[in-house]
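For reference, the structures are reproduced in the following blocks.
In the two complexes below, chain A is the common chain; its partner is chain B in one and chain C in the other.
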Partner chain A sequence: MKRIFVRFLSGLATVFVASFLAFLILDYAPGDVGDRLISETATEAQIAEVRDSLGLDLAVSERYFLYIKSVLLNGDFGRSLVSQRSVATLIYSALKYTVILACLSTFLATLLGITLGVWSANSSGKWVEPIVSTGSMFWISVPVYGLALFLVQFFAVQNHWLPVVGGGSWIHFILPGISLALPFSAAVARLTRSNLKMILASPHIITAKSKGLTSHLIWHRHIVRNALPPVVSMIGLRFGSLLGGTFVVETIFGFPGLGRLTVEAIFDQDFPVVLGAVLCAAIVFQTINFFLDVLHILLDPRVEQKAL
Partner chain B sequence: MKRLILFLMVIGLLSACTAKPTETLQGAASEGADSESVFLPVLEGESQEAMESNSGETEPITTESVEVEPMVVTRVLTSDPNSLDPHGAISAGQNVVLPFLLDTLVYRDENNKYHPYLAESWQVLEGGRVYQFVLKSGVKFHDGSDLNADAVRFNFQRIKDASGISPLAGSFAIIESMEVVDELTLRITLTAPSATFLGTISTPYAGIVSPTAVEVWGEEFGQHLVGSGAYQLDDWETGLFISLVKNENYQWAPQPIKNQGAPYIDEMNFKIIPDATMQYNAFLSGEVDILFINDPEQVKTFQQVPEAVVEPITLNSLIYIGFNCTQAPFDQVTMRKVIAHAIDKELLVELALGGVGSAAHTLIVPTLAGYDESLETLDPTYDPALSQSILREEGYQQENNGTWTKNGQPLALELLISTRSPNEALATVVQAQLKEIGIPVTINALDSGAARTAATSGDYQFSIWRYDWNDPDILNMYLSTEMIGRTNRQFYSNPDLDQILAEGETQLDEAAREQLYVQAQQILMQDLPWIPLYVPLDFVVMRNTIQDYQIGSMGRIVLNDAVVKK
Partner chain C sequence: MINIRNLVRINQQAQSNKKTDNGNKKLQIPPQLLVGGLLVLTILSMVLWSEHWSHFPYDQLRVGPRLSPPSKIHWFGTDGFGRDVWSRLVIGSRYTLGMAFTASLISMLPGTFLGLIAGYRGGWLDRILSRFIDLLLSLPGLLLAIILIARLGPSMLTTAIALGVTGIPAFYRVIRTETITLSMAPFVEASTLAGARTFRILFRHICPHLYPDLIVLGSLRIGTFMLAGSGLSFIGLGAQSPTPEWGVLLSEGKQFMNTAWWLWVFPAAAIMLAVFSFNLFGDGLRDWVDERSR
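After this line comes the complex of A and B, so read on.
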């Protein structure tokens, strides 16, 4: 329990550090949102007036403090300096796409990856294993961009089965979901397979077999339990990074998720939006990490004993 | 037990994720419900299919309107405009969407002639200092409020007040006062006669919006634009699409458009697709019908697509090399000449653009007033040997490796560009051509905001830059002394030129005005703050089922007369 509490505090600290770092980097980058907003023909006096009203000439620390104060005291993430839209609304609408996409691709990847991993670990020597192991190597190496373009070419342009771009209904999630899930599932399959093979060859399984336990019992008690934790944490971490947004896939599919929101805001140097997005991604990631740790303790009691 | 918990957590997470969008979809559908419109409001997911199957609809609305499926046209936007407020900061894509949503006082056609639009007529009084506009009667905004002289005054004042942000604030500074004479008459007094005033108020950034809606929406007006245009805003899903439906009460299209009433195409959608390859794919799959292209490769690809009509449009643009005329070595005219003679523009267009563009030899492009073919002879010819002999006259010595030094200082240059296509390709060719005469060039590529700041503050030697403007007054904006530190990034100052350009701003006689810009170009071709490189070719790709469209000023696609036929 103590470990969980410490974990929580360190997660919170990480969120603050991430947001401050984002602020510093944004401040250090050349130019600011004024470049985007101020008209070419503005006079110096007008430029000064606009910059002043946006608070662009205050010190970094002061701007960060003002921002965090408004977030913590009023729960107000501010408004985009470019569109005047509320940051909370922007993030909510981007996050809903990202969350569905991340859940969908994680689900597909887990299902496919674990199935293939278990199957190939169980059938060494037969044709399944070489196919899964070289196949997974291939899918891990394929760039998402290429995969996405191939899928679109086949499913949307040639055959009109699915739409090329856009969002709004479940049908729009299929192609981006698969683009993200395939390389992901390959990684899951590889890890599952290598873990299982290691455990299958370990002495306690041989002992279990030789003392005559049923295969079902061995799998249930000894193999799955030992093989699962690393796979779960790998899936969890990748799920977390998917929730931070997947800029490339989002850009290709014209998908309005968190990744595109963040990158476009960075280009505009629209700092309330960038910070909101970074804070959101950091919180999501930390939350997932936190749950992963708890899950680990549930799955593998040894973890807590070690920690204590 | 523990695995049961794990299972429940996963299920819970998944169901939480899927619950939300269904709500928003239904919300959007019920909002779009319209009592007697010909099309049924559909869920977003279905509207996609509707778009595809309808882009081929034949019959004009006149026949059995209940049976006819709506005509829908979808255009690509590369990025979400963020805000549609015409009087706020400029935003990519805004200029494409705004002309559908709002009207301007006067209309400018593709030949730069002005026609009545919201203004039924206007009088130019007191030698060009006073404009008296009489508005059409019965014009209403989408929210039902009246578009009258008060509303126009409110709008123009709003642009003036947005100084520093609105792209037109500078031009609107010449409005000295406005007087509402009666319900439909507005009298505008300028500080001086202006040849550019009508041009200014014909751009979408001077579009008239509903004062009531500005008040109602406050800060969020940019998301809820209410104008008087042929279409009105229906739905806008951030980063995804903007959809407009036709304004059934529309009656006030400008003269050059045959159909003065509501447009035939029922729905105009704008889909945001950032990736160029996917824009192409979406066109092939029938999800979009119109897109803007200027990449040479893409132009060639689309010319192979049977259902695509590739229409050239002009944005009156020029790509040029601009020098920092206050920093060595380009504070010397002779050194600017060295560069001018060393660049083979025809080859540049061929190599960097695959021939999609035409070499430019004048500063005012052929589509603008003030262009004169005879000026082309003033353009320094491609003559690298001449460049080298000028360098020798200037006291440079050529080293054994071909480079030049003067007083022990090697001659090496830095070229500033923004990282926008095709600038990298252009810069590389310029670099190669200057290397031919022994001048090494490094390329400093910055993102557009940073490049603009560097150029405006004079922190560069020379740059590749671009203008898109609808009036030769661009020379005044980019090269007059007054604009140093703002848009005159050349830091070039010539009182004779200033005088001519100031006259050009106030000269109302067209022939006399053109002559002034010819004179201005003669001076500039001597002083060479700019070297014109080429006039870019921009294109709009239209699906061949869209008929009777028009292309207006600055590449505007006018669809009021258009129908979609199979």
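After this line comes the complex of A and C, so read on.
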């Protein structure tokens, strides 16, 4: 329990330091924003007023403090420099789509990856080994953007079965979901397989077999419990980075998620939006990391004795 | 008599064959590593001698008709400006690979150096460095790279640097753990007793043991960085348009998706094949190194 609490605090601290780091990196050169926000005919006084309202004359640390204060107290991430809309609204509407997409592709990848991994670890033909290892390596190497283009070409352009871009209804999630899920599932399959192979060959399984346990019991008690933790944490981490926005895939499909929001904001030099999206992703990622560690402790009691 | 002699000889031969078989097994290179290595060598030769691989100047307009499909003269067809796609791909390997190599070096050098120091010294230095490295991991996936690119502006060098920074933790962690194990080895103790300086112990005695790990990690990283780097270029956050980087070629080809399949299929295939080669090589090498150290 104490360990979990400490882990929670360190996660919280990490979010703060990471957000400061992001703030520092993105800290724009003051002149730019003033120039960008007002017309060229603006007087010195007007420029000064805008700079003052944005707090640009303060030191970085002070500005960071003000920013965090408004985020924590009011949930206010500032306003977009381009559309003048509140960053919190933009992020909220984008996050919905990204969360659904991430859940969908993680679900697909887990299902496919674990099935393939377990199957290939159990089958012992001469050709299974090279086919599975080379095949999964192949899928890991597939660039998602190439795959996405192929899917668009085949399903949307040539056959008109599915729409190309947008995010209006559930059909729009299918192609991005699949393009993200396939390379992901190959990674899951590889890890599951190598893990299972190692465990199946370990002495405690041989002992369990030789003392006559049923194979159901062996799987349930000895194999799954040992094989699960690394696979779960790998899936969780990838899920976390999907939630941070999948920049390339979302951009290709014109998917209105967090990734595309971030990329577009970068092109527009709209740093409040970038900062908000980054902060949001960091919070989500750390939360997932925290729950993964807790889950790890629950799944594998040995972990709690070791240093976390 | 002859029969028995023959039998004995056959037996001896069989035994000696067995012996060499066993002896060979340790040195035998697994097919995965062999194929991966050959592919990597081919790609490297393409990078180093691009001019000999390509048939036309990559940036010359109208070397052929516009948008002509693959033919004997233009193996991979021509693009909207009548440039030869094969030549552009070959020259493009320099940019894609170069970006990935630079990024790998940028994550390898600091990661290894810090990992060596933290692993060897331990104590507060180790704790501080490890916390700092954890910080780099606090942002998921490419996000750290993305904000660095946002700040520095998209270009090939920026993307390489940004990707490189995200790769530092992987090297740091592996090298740190290995160094902790190695620093307890008798030969380190012996050279400490012989009065060797820390610097000498780290770089003369510990570092050589880390080379296999570094090569494995490095080649796997190059694969990852190629994917990420071309992906970023593809969406416009990396190399920019006239450069024939593979991601850029792919995004240029996207405009002709319905009319000219060769403009996007070949760049995509090139990226995939190159990443596949480095992954195959790295993975095979890792298995081989593990096997040998056992």
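In this section, the second predicted complex is superposed on the first by the 266 of 308 C-alpha atoms of A that agree within 3 Å, B and C clash if a C-alpha of one lies under 4 Å from a C-alpha of the other, contacts with A are read in each partner's own complex, and residues count from 1 in each chain.
In this text, contacts are C-beta pairs under 8 Å (C-beta built on N, C-alpha and C of every residue); 3 or more make two chains touch, one makes a residue touch a chain.
Model, not experiment: these values are computed from the prediction.
S.K.: In the superposed arrangement, does A:Phe65 touch chain B (first), chain C (second), both or neither?
M.R.: Neither chain B nor chain C is touched by A:Phe65.
S.K.: For A:Gln153, using the defined touch cut-off, is the partner it touches chain B, chain C, both, or neither? Pick first, second, both or neither.
M.R.: Both partners, chain B and chain C.
S.K.: Return first, second, both or neither, reflecting whether A:Trp161 touches chain B, chain C, both chains, or no partner chain.
M.R.: Neither partner.
S.K.: With the two structures laid over each other on chain A, which partner does A:Thr251 touch: chain B (first), chain C (second), both, or neither?
M.R.: In the superposed model, A:Thr251 contacts both chain B and chain C.
S.K.: With both complexes overlaid on chain A, does A:Leu298 touch chain B (first), chain C (second), both or neither?
M.R.: first
S.K.: Chain A residues in contact: does chain B have more, or chain C?
M.R.: Looking at chain A, the partner in contact with more of its residues is B.
S.K.: State whether A:Val99 touches chain B only (first), chain C only (second), both chains, or neither.
M.R.: Only chain B; A:Val99 stays clear of chain C.
S.K.: Under the stated touch criterion, which partner chain does A:Phe267 make contact with: chain B (first), chain C (second), both, or neither?
M.R.: Both partners, chain B and chain C.
S.K.: Mind sorting out which residues of chain A both chain B and chain C touch, each in its own complex?
M.R.: 149, 152-153, 157, 251-252, 267
S.K.: Which residues, counting only chain A, touch chain B once they are in their complex?
M.R.: Checking each residue of chain A against chain B gives 30-31, 35-44, 46-47, 49-50, 79-80, 82-85, 90, 93-94, 96, 99-100, 103, 107, 149, 152-153, 156-157, 160, 163-172, 251-254, 256, 260-261, 264, 267, 269, 291, 295, 298-299.
S.K.: In their shared complex, at which residues does chain C touch chain A?
M.R.: Its residues touching chain A are 31-32, 134-135, 138-143, 146-151, 154, 223, 227, 230-232, 234-237, 247, 250, 254, 257-258, 261, 264, 267-269, 271-273, 275-276, 279-280, 283.
S.K.: With touch defined as at the start, can you tell me which chain A residues reach chain C in the complex?
M.R.: 14-15, 17-18, 21-22, 25-26, 130, 133-134, 137-138, 140-146, 149-150, 152-153, 157, 237, 240-245, 247-248, 251-252, 262-263, 266-267, 271, 274, 278, 281-282, 284-286
S.K.: In their shared complex, at which residues does chain B touch chain A?
M.R.: Chain B residues touching chain A: 2, 5-6, 9, 13-14, 17-18, 20-21, 24-25, 43-48, 79-80, 82-83, 89-91, 163-167, 169-171, 219-220, 222-223, 237-241, 271-275, 277-278, 281-282, 284-287, 446-447, 449-450, 452-453, 477, 483, 485-487.
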